[in-house]
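Below are structures written as structure tokens.
Same chain, two partners: chain A is paired with chain B first, then with chain C.
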Partner chain A sequence: MLEFITRSLDASMIFTLAALGELIGQRSGILNVGVEGVMLFGATLGFIVAQTTGSYVLGFLTAVLIGGIIGLLHAAFSVVLGGDQVVSGMGIWIVGFGLTTYIGSPYTGPLGMERIPAVLGVSPFFFVGVLLVLITWFVLQKTSLGLAIRSVGENPAVAEVSGIKVARLRILCETVAGMLMGLAGAVYALNYNPVWNYNFLMGWGFIALALVFFSMWNPWFLLGGALLFGTMWQLSLNPEMVLPGVLSRYIWRTVPFIVTSIALVLMSTPWFRTRWGAARPQALGLPYEKD
Partner chain B sequence: MSESEGKGAKKFASVFLEEISKSPLTVTVLAIFTGLLLGGLLVVVTSEEVYAAARVSVWEMLRVGWDAAWRTYKALFIGSIGDPAKIAAAFQSGEAEAIRRAINPFFESLVKSTPYIFAGLAVALGFRVGLFNIGAEGQLFVGAITAVSAALYIKGLPSILHVPLALLAGFLGGGLWGFIPGWLKAKTGGHEVINTIMMNYIAFRLSEYLLRGPLKDPEGYNPVTAQIPDSAKLMRFFDNPIRFHIGFFIALLFAYLVYLLLFKTTWGFALRTVGANPRAARYAGMDIVKSTVVAMFLSGGLAGLAGANEVLGVNHNLALAFSSGYGFDAIALALLGKSHPLGVVLASILFGFLRNGAVQMQLTAGIPIDIISILQAAILAFIAAPAIIRSLYRLKEPEHDLEAVTLRGWGGN
Partner chain C sequence: MRKTIYLLLALLFVAAMALAACKPAPAEMPAGGEAGEGESAAAEGAEGGEGAEAGAAAESGVEVMPAEGLTLAIEHFSIIEGTTWSGAHHRAGQRIAEKYDNVDYVYREEVGPDLSVPFAEELIADGADIVVGNAEFMGMPLLDLTDKYPDVNFVSIIASDLTTKDNFLRVFPRQYQALYLEGLIAGALTETGNIGIVSAFPSVQVIRRTAGFYLGVMDAAELLGKDVNVYVKYAGDWYLPQEERDIATTLVEQYNVDVITHQTDSGSPLDVAVEKGIWFVGKDMDIVGFYGWADTNTVAVSFDTRWEVLYDKIIQAMLAGEKPPQVLYLGMESTMTLADGTVESTVDIMNDNKVGVDAISPAALEKLPQEIVDLVKQRRDQMMKGEWDPFTAHAFVSNGTGLELEGTPIPEAGTEVKPAGEEPTVEWLLSQFNFDLQGLTILE
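So, the complex of A and B:
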């Protein structure tokens, strides 16, 4: 049972890191539906670098770096070229899938390194995740930078008039977002499940994307949602922990996806929207051109 | 571009150049070209011989790099069309089997194109109604499951009834899988991008469960269904090894039907209006809820047919990994084809040839097949951001852009 709890916490932190990145980007008005693609890049390159150099630190740095680069490219595409962000995000996913499979398949197999030691019984990423949630919340809600980010996401034209560099701020936020997604991917491939396989992420990035919507763009709600989903995911992998012998384990594995759909649908109903809809960054996904 | 016809022959060349520069088709063609170029570059960059040659001299590196790229694309060409020398030799020898073997690559490419046409039409239909159906892959799986069930468990029918019935089952299965997110979108606003992806994963796990349990061939050990009876197989035109079957023509028929529906009926006009301008559509009294649900049902049904086509026409059974991502490639196809049925058919045939050629390329040039995904993604990116291609080739801006995809309603409006 203890192992189940620590595994759930580990899984939750991967959702937390990826979704936190997406939250920061969306707060500034940029939508990236390619979270899964960025995570795949971070996971695969982090895995390869860690394995070849034998250094976890280099692996994680590579993942953060590549995530940042992709975030920067997505931001440049959306902000400078005014492209369709959904299409660009899908492109990141498709490219990520193809390219990481291309690069990663020779490395198929376990990482073969000593596991990252636990701190106080849980993986160190638990503390990293919670700390990042705290920092994100603080910066977004309590600092002038956070105010600027939020205003850029709500109404870029007004923000520009009040002296905020919209394009620069959006690019910065989306780059940070990409770095967190890359880190999330590396935490998966280097800590949670240190084996490289074809399509090993299986939709984690998309669940993280949905989590941002459930969270109402609030980092603390996001942490709560991620803990819930992490536990649910772990449960769907080991249903015998709770309900031994009931239903096939393949049916159990659909549960996180069904729950995501149901939660998304509930969040989208008018009842919820009238109460919470104001939380959505009004300029989310819309290209902005300076007059 | 017929407007240019009246401008006189004097400036013909310059007008022609300008028209080409403005035509959206030019961007598409250049996007494909640039994608292929990038693919070649990637082959060079990831080739170890090139690095070895770089230690000798820069010139040697360029030569080896060019050689690697040339070999790759030659293998891709021969793999998708056939080896001209072999075809000529086979026809001279006059042996039927040798001829079939020599021309097989060409027909195999058409076989590969067929599911692309169905799935591409599915995504394109969604785009036209303003819906981003990323669930084609899941709908394809469910369509394959229902089609193979109809083929296996309905017995004693003649082929003329059994085949359409199995296809219908595939259509309905995929349609159901598209209907659910469509209905959720229309009734509650739950965004179809996330919901169709969730439906994908549910479909994958469901097929895993069914293939290891109820649908598994009782005599086999692997997660594969039994072979379907002959009465449910789509007709093939040639003997082995050519697998070319009637599904290709059914796909063309459906492309024509989608064209008629979208562009020749008032109902299709309403669907497109909902996609292009939902506010105007609501003003004109068009039923947006119904359009969304019906469009997602039809879209899912078309994707389901792609799965049914593979099961009834090519594999004759259903295995776990029977789809190599047709549903995901379909997104690129619909974008490449500008969401027009004819464009989708052409793009599908291109992708079919690329995919089939890639198998040969992997065998002879040792280039992993996944490079095709990268090629596709690059093409997709250029199509999505025509600005990149325009600035790269100094093209003029068109008067009005024909972008079919919009961000309408993300997060609920």
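So, the complex of A and C:
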């Protein structure tokens, strides 16, 4: 059971980091459906660098860097060129899938490094994830920068008039988003399952994307959702470990998505929106061109 | 400013596309080797124990002309690099091209069942004489091309179907022989008396391989007077890295397994073995010597599959103007001489580039009783000579679990399906062996 709990927390933090990145981007109005692709890049290059140099630090830094670069490119396409954000995101995923398979294949196999030590019995990334959620919530809700980010995600024209550099802020947010997604990929490849295989994520990025909608763009809801999804996902991998004989893993695998559907229905009700004041950024996914 | 960004993005896109286009498929391997080696190999191959070569040319009545040169095309269902299945097939193609001056090797990677036919037609248009699908699910569609290209031999790996035609050949190595030797070693190594197998899903191929390993474990246990349990847990598919990891972890944590092996394709079970400090038994290739995925302090032994021995039989027949056998099921008794003069058998235990008893890791060897080492050596020698086979020597008693096949239900638990000393037929082993052996624990 302890193994299951720690593994669930590990999985939850990967979802948290990736989804938190996406949340920051979406709060500024940029949709990136290519979370999976950014994670693949971060995971693969982080794995290669860590294995080649024997340094986890360099591996994680590389993952964050490549994530930031891809986020920047996505922002350049979406913000500067006014391109379709879904098309760009899909491009990131497809290129990520193909290119990381090509780049990573020679490194197939276990990482072969000493494990990152646990802190108080759990992965250190649990604390990193919770801390980043706290920081994100604080910045978004309690600072002028957060107000500016939310403004450009809601109504960029008004934000521009009030003196906020919309393009600059969106590029910044999307770059940070990419960095977090790259970090999430590296946490997967260097800590959760430190073995490189082609297409190893198999949909984690898309779950992270769904989590943002599930969270109603609230970092704390996102953390709760990630813990739920992480636990359910872990349970679906090998339910007999915790609940022997209770439903097959294929049924368990659907549970996070059933929960998401129910939650989204609930959240779409006026009662919920009024109660929590949570809503989709109005300018999400829409290109903005300064008049 | 915008022009610059456009230019930058265009350059990035072109660079990405150019990089992607560098992917080396299809590629042609240069033919190598010394002149005359093909002849000597043909002579050597003709002497092999070919009881497992069925449905030969004489039945077909089709006149076949000797080929002056051949092109072997392999369609790999997965990527090659870093994989033990396609990696072994690719190495086989390379070794064939090195051996024969007049045989070229070409290939395609990541060929799904929807692509095996169109890719095969492209390869044939480029001169392929033999087209191999290296997994059954994408090799079987090649059957549709057999009438259109009667001069081309199509080859598919066998998983559970045994359909053949004059020019639709089926091949598989008797990996269970090497797995039996691995089982002997694993059975002797376990101190907790618990061995775990992370497996894909019940299929004839998986059941057969598991049976070979299990018989070895049981023979070791009997010889040493130990109680050993073998646990099998299915992941659901061949390649599910996360599931494989969790199953391996469960086997260690809940079932106190201290020796683990797998019938799946990711490196996750190996990584769990490293993490938990238990023994790992490899499959399909020498993962220490060829890929360096771990060292011999974790990998007690592995086995290596030399598909080139099977391909060699087909090529020799075609070069001689004969129809190749429709079913090739070769074991340790069948060998091939490589371009460098190395004689290798179809399968063998192998670890850190060593074969036979030397393949047992030094750390594991220290823990093995001498009678087990001797038995491994004895059984290997006997199988090399074709004098002994675990599936002939042992009775097959059903566990009551396995795979329900059309017209072949799973025999009830305790049913003796085959007595000891009786040789099972090739057809039965390849397509009807659908039950686990008595004593295996299949975990839900």
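We adopt the following convention: the second predicted complex is superposed on the first by the 255 of 291 C-alpha atoms of A that agree within 3 Å, B and C clash if a C-alpha of one lies under 4 Å from a C-alpha of the other, contacts with A are read in each partner's own complex, and residues count from 1 in each chain.
The rule is simple: a contact is a pair of C-beta atoms (placed from the backbone, for glycine too) under 8 Å apart; a residue touches a chain by one contact, two chains touch by 3 or more.
This is a predicted model, so every value here is computed, not measured.
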>> In the overlaid three-chain picture, which partner chain does A:L81 touch, first (chain B) or second (chain C), both, or neither?
In response: both
>> Once chain A of both complexes is superposed, is A:M202 in touch with chain B (first), chain C (second), both, or neither?
In response: both
>> After the superposition on A, what does A:P110 contact: first (chain B), second (chain C), both or neither?
In response: second
> When the two structures are overlaid on chain A, which partner does A:R253 contact: first (chain B), second (chain C), both, or neither?
Replying inline: first
>> Going by the contact rule stated at the top, is it chain B or chain C that touches a larger number of residues on chain A?
In response: B
> Now for A:N193: first (chain B), second (chain C), both, or neither, which partner does it touch?
Replying inline: second
> Which partner does A:E3 reach: the first (chain B), the second (chain C), both, or neither?
Replying inline: second
> If you stack the two complexes on chain A, which partner ends up touching A:Y56: first (chain B), second (chain C), both, or neither?
Replying inline: neither
>> Going by the contact rule set out at the top, does A:V265 touch chain B (first), chain C (second), both, or neither?
In response: first
>> Once chain A of both complexes is superposed, is A:Y102 in touch with chain B (first), chain C (second), both, or neither?
In response: both
>> Counting contacts the way the document defines them, which residues of chain A are shared by the two interfaces, the one with chain B and the one with chain C?
In response: 77, 81, 95, 98-99, 101-102, 105, 202, 250
> Of all residues in chain A, which touch chain B in the complex?
Replying inline: 31, 33, 77, 81-88, 90-91, 94-95, 97-99, 101-102, 105, 202-203, 206, 209-210, 213, 248, 250-251, 253-254, 257-258, 260-261, 264-270, 273, 277, 280, 284-286
> Which bits of chain B are touching chain A when the two form their complex?
Replying inline: 46, 132, 134, 181, 184, 188-191, 193-195, 197-202, 205-206, 208-209, 212-213, 328, 331-332, 335, 368, 370-374, 376-378, 380-381, 384-385, 387-388, 403, 405-407, 410-412
> Which residues of chain C touch chain A in the complex?
Replying inline: 2, 5-6, 8-9, 12, 16, 19-20, 22-23, 78-83, 236, 239-243, 245-247, 249-250, 253-254, 266-268, 270-271, 274-275, 287, 291-294, 443-444
> Along chain A, where are the residues that touch chain C in the complex?
Replying inline: 3, 7, 73, 76-77, 80-81, 95, 98-99, 101-102, 105-112, 115, 193-198, 200, 202, 234, 237-238, 240-241, 244-245, 249-250
